[in-house]
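What follows is a group of structures, each given as structure tokens.
Both complexes below contain subunit A, partnered by subunit B and then by subunit C.
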Partner chain A sequence: MATDVRRAARPASAGVEPEVAEQFEDLEQQHETYELGMWLFLATEVLFFGGLFAGYSAYRIVFHAGFLEGSRHTDVTLGTINTAVLLTSSLTMALAVHSARAGKRKLLAGLLTVTLLLGAAFMVIKGVEYYGEYREGLVPWLGFRFPGPLAGGVDLFFVFYFFMTGLHAIHLTIGIVIVGVIAALARKGRFLREDSTTVEMVGLYWHFIDIVWVFLYPLLYLLSRNGGAP
Partner chain B sequence: MNESRSRISGAVAALSGVLTGFLGGLMLRSPVRQPELEPEPTEAPQELAVVRPKREPKNYLNEDYSLRSWLTTTDHKRIAILYMVTITLFFVVGGLAATIIRLNLLRPEGALVRPATYNKLFTLHGVIMVWFFLIPSIPTVLGNFILPMMLGARDLAFPRLNLASYYLFLFGGIFTGTAMLVGGVDTGWTFYTPYSSHFSNSNVTLTAAGVFIAGFSSIFTGLNFIVTTHKMRAPGLTWFRLPIFVWSNYATSIILVLATPVLALTLSALAIERIFRIGIFDPALGGDPVLFQHLFWFYSHPAVYIMILPGMGVVSEIIPCFARKRIFSYKFVAFASMAIAILGFLVWGHHMFVAGQSMYASMVFSILSFLVAIPSAIKVFNWTATLYKGSISFDTPMLYALGFIGLFTIGGLTGLFLASLAVDVSVHDTYFVIAHFHYIMVGGMVMAYLGGMHYWWPKISGRMYPEFWGKVAAITVFIGFNLTFFPQFILGRLGMPRRYHAYPAEFQILNEASTLGASILAVGYGLPLVYLVASLWTGRRAPANPWGATGLEWQTASPPPKHNFDRIPVVTTGPYEYSSEQAERETEAPDQQGGLDRPVKATAGPLRRSPAGEEGGESEEGRHGD
Partner chain C sequence: MNRTRESALVPFAVYIALIVLLLITWGAAYVNLGPWNNVVALAVAVTKGLLILLFFMELRVSRKATWLAAAAGFVWLGILLVLSGSDYITRGVLHIAGK
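Presenting the complex of A and B:
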């Protein structure tokens, strides 16, 4: 095939040469392309969550009191712990990307595993939280019970609470699976130095999940805990 | 339940059967057309210049005939063919629904179907045509095939994602098709709440799931195009040397990537509301149905530009080629695409002038909607200015392109009626709206799609289509289209509402005219289906550049080899270097061949793009620049 001729003509560089797909000229082009593709994908994700944020904002204005009341019933302690857990996982992910570039195999595998465990810990804590909300009768479609005139607004608040955190949890679950796969591959010596593109892409995705949470946390947990200002 | 399940599997089997049939035809055709088996006595001597080897050179079609090689291909050209076959199927399904609708409207009380069936038919027509034909049409077929070649690339940036995108589209189509077969949907393609969430007993969730899945296919295609345009351009191919087709697909991709996620979210919310019976949009629970409309149109209005921008790109390729002139004011045409894409995000509220939206919001949306007319008009004026003093030849693609300009202008101007606050109150939800958007979608996009299909057919199939039948079909489509939809402007102005199976007797004559037009239109659409497929066996072999066009895609064989170019071209000039002297020579030369098949034009004016080798090795400049 014509491309094989081209590929053979490329000077072999030193070290482990990651594969260049046939549509690209060289590694640099491939790397830049993947990077741009990932950023664009994250842009679509922003718009996906953006629709939810828009709906949340609209209803928060219309049902201001109900949303405040709903927010008071979220578990701010667990939410705060989870924020810390997730932000720490972002730190370990950033360090993992760094160690991949530096070519440190064991450190990379270790950091990815820590990231994975922190992500899993977040999911466990979130599950405990969901169970508590179920016990309190705050799940809109599973025996929702909330006395008083604010029930409508609180109901809507929890619809958005579960929709947003649920969508976030789905993204995080996908992230945990991917990090698990690349952690296993990293243990076998993949993704070092020039080959680190994959880790960088996963890192971008992971940070994106964190950033979504950074917005969810104040909107859902801190809304009612700002000293009474609107 | 069992019955519906068996019907589902029946539908899946039928769909895959038809798909296999089409692909089988494509695969079978190549061995049959070996030169030995098929002498071509009509060859004119002037074509001897084209070297004709005993065996066909390897190209993307004949390198592997197995079904597996088609279904697992990552070649952008083959994926384009898969899309072409699939969307043609959807077009036929949507067209059949339209046929029954038009037949039913022959009589004031409804001639054919029950009211409930009628509701399901127009929903089917809308859903299939919008999401499974119009939105994918030009980007996924012509864009997939031509865009990488226009960029001088071997493939799109993410070939496997491209294939995944096709399968997502197919599965989305199967979901939606299944929903239609097991009972249909009656909400209209807009899925307005609370009817869709709490009242309709039809398969809303399944349909929405299909559209949701197909939406991700759109997102991946758009992402692929944007990254490819940024990172895969041939050396020397700067942004302002890109063909307008690339610019308009780039603008389209921005909308695909940024608007479609919002539709995905909106449909998920709708499904959640329906499944769990909780109120997000339901007023009974404090939700707001207008919020659904806002979110829906935040996607669906830009989606209208997804449907028209690629068509504008096709027309911008055809007009300079058949007028033998450089496009008038290239940069304005290029930036007009971007302006339409950006402004298109800011006008969604004009769908809700009578939905209880704030009056002041409506005023802003009205003004913004008028602003979109400016870049659209820039394009129309620049196409006509390109024609001015051009050496125009009326080949089939050109007929479609000229039809596009006229019909798009009517469609666009009537859009301004609808963007006017006061006029909209009177014509809102009438046939005036139907006529308006069909002038854009059918008169614009489908004309452009057919024009582009004829223009690039030699490149795609390696065969020429029959010019005579091409012209007949183009004129038939134009006449049929106008007869179908022009009466609907009048009907709408007279007050006939959309989406009703019956109407007052006084509207009958105009409805009959419309149905008559629709039957002519059906013939016009049927013709290309027949002669294009037939041309795979009987068509004249296409030379590399039958139109003497200047795009990079014409500088490689027809059909192209698997990796498009034997050597990556180096670009040194702009995209439309048609020379007027060359055009004059062509007009002076006597028409030797005449008859049904037009003579092949001499190769384009000055060869503007030369293979890499002649430029003293590969230049890395331009390759990574963005």
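Presenting the complex of A and C:
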């Protein structure tokens, strides 16, 4: 049991020393394996969202005018603010990883809490948007009403709008819960220095959600805002 | 795990670049560039995505195996988009019955 010897050889700084699972040679290998596993998961997530992006692209080609008209009815101001909110949360998450490696307990807990609050703020703003769209009758199957010949295309645009932003919101909600849990654990002194892997993996997931939104934002909010021909 | 030495200023620089790019893409949407509106919007989104991948997600200093896993997702996404796109985009060109 080489692992046990190595573990015993470390200075006993109770509580902060990361566990090396039996199947790994050392901490370095364990960390690399976690990282690879996380990226493989994210690759499947790329394809999960990719199906919706491909569907969106195909229908946007077929129902071109309807998609442009539909996009004009999204709330671009709130969408832009939300993009900035999410980018800011990615900054605080990146800084959280830095502070975990540097062994700064209070800073780590604080940054994770700010990240969590920014994620929650995004969800509140998104909720306000959804409510506005419901009031305007833009939600498919929930009192959708749109005058004129483009109604069919606009309906389809909003089907994609709600499925894409909805799937994104589900991912963000999961992220908020996980960040909440690790923020509470970080307050108790976990994840510092060599033990930062968990924060790094949660960070990868959080940044991935940010990237998805970076693509959703122009595709859903910015079509044909200039009034000219597309 | 030899990444502790990187300056904490790097995320701030990346963040400022991301916000500037957000303002560019937002502003550009209100200018009539014809078909270039789409190009600008997607180019900015790809640039923002790369900045997040390389710096926030630290692919810049990741091992080759991690690069491979990350690239796999995007390569398959590329196949999905290119092959389905080649159908929908060329339907009008080839005059295939049934649209």
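Note that the second predicted complex is superposed on the first by the 210 of 230 C-alpha atoms of A that agree within 3 Å, B and C clash if a C-alpha of one lies under 4 Å from a C-alpha of the other, contacts with A are read in each partner's own complex, and residues count from 1 in each chain.
Here is the rule we go by: a contact is a pair of C-beta atoms (placed from the backbone, for glycine too) under 8 Å apart; a residue touches a chain by one contact, two chains touch by 3 or more.
Just so you know, these numbers come straight off a predicted model, no measurement behind them.
Once chain A of one complex is fitted onto chain A of the other, the partner contacts of A:28 extend to both subunit B and subunit C. Of the two partner chains placed by the overlay, subunit B and subunit C both lie in contact with A:44.
With both complexes superposed, C is the one of subunit B and subunit C in contact with more subunit A residues.
Look at A:194: by the touch rule set out above, it reaches subunit C but stays clear of subunit B. In the superposition on chain A, contact is made by A:91 with subunit C only, not with subunit B. By the document's definition of touching, of the two partners only subunit B reaches A:163; subunit C does not. Looking at the shared chain after the overlay, A:75 reaches neither subunit B nor subunit C. Shared-chain residue A:140: touches subunit B; no touch with subunit C.
By the touch criterion defined above, A:52 reaches subunit B but does not reach subunit C.
Comparing the two interfaces of subunit A, the one with subunit B and the one with subunit C have residues 28, 32, 36, 40, 43-45, 47, 50-51, 54, 58, 62 in common.
Remark: subunit B residues 153-159, 219, 223-224, 226-227, 230-232, 257-262, 264-266, 269, 272, 276-280, 285-288, 291, 294-295, 298, 561-563, 566, 623-624 touch subunit A in the complex.
Interface of subunit C with subunit A (complex): residues 1, 3-4, 6, 8, 11-12, 14-15, 18-19, 22, 25-26, 29-35, 37-38, 41-42, 44-45, 48-49, 52-53, 55-57, 62-63, 65-66, 69-70, 72-74, 76-77, 80-81, 84-85, 88-89. In the complex of the two chains, the subunit A residues touching subunit B come out as 1-3, 21-23, 25, 28-29, 32-33, 36-37, 40-41, 43-45, 47-52, 54-55, 58-59, 62-63, 140-141, 152-153, 155-156, 159, 163.
Contact residues on subunit A toward subunit C in their complex (touch as defined above): 27-28, 31-32, 35-36, 39-40, 42-47, 50-51, 53-54, 57-58, 61-62, 76, 80, 83-84, 87-88, 90-91, 93-95, 98, 101-102, 194, 203-204, 207-208, 210-211, 214-215, 217-219, 221-222, 224-230.
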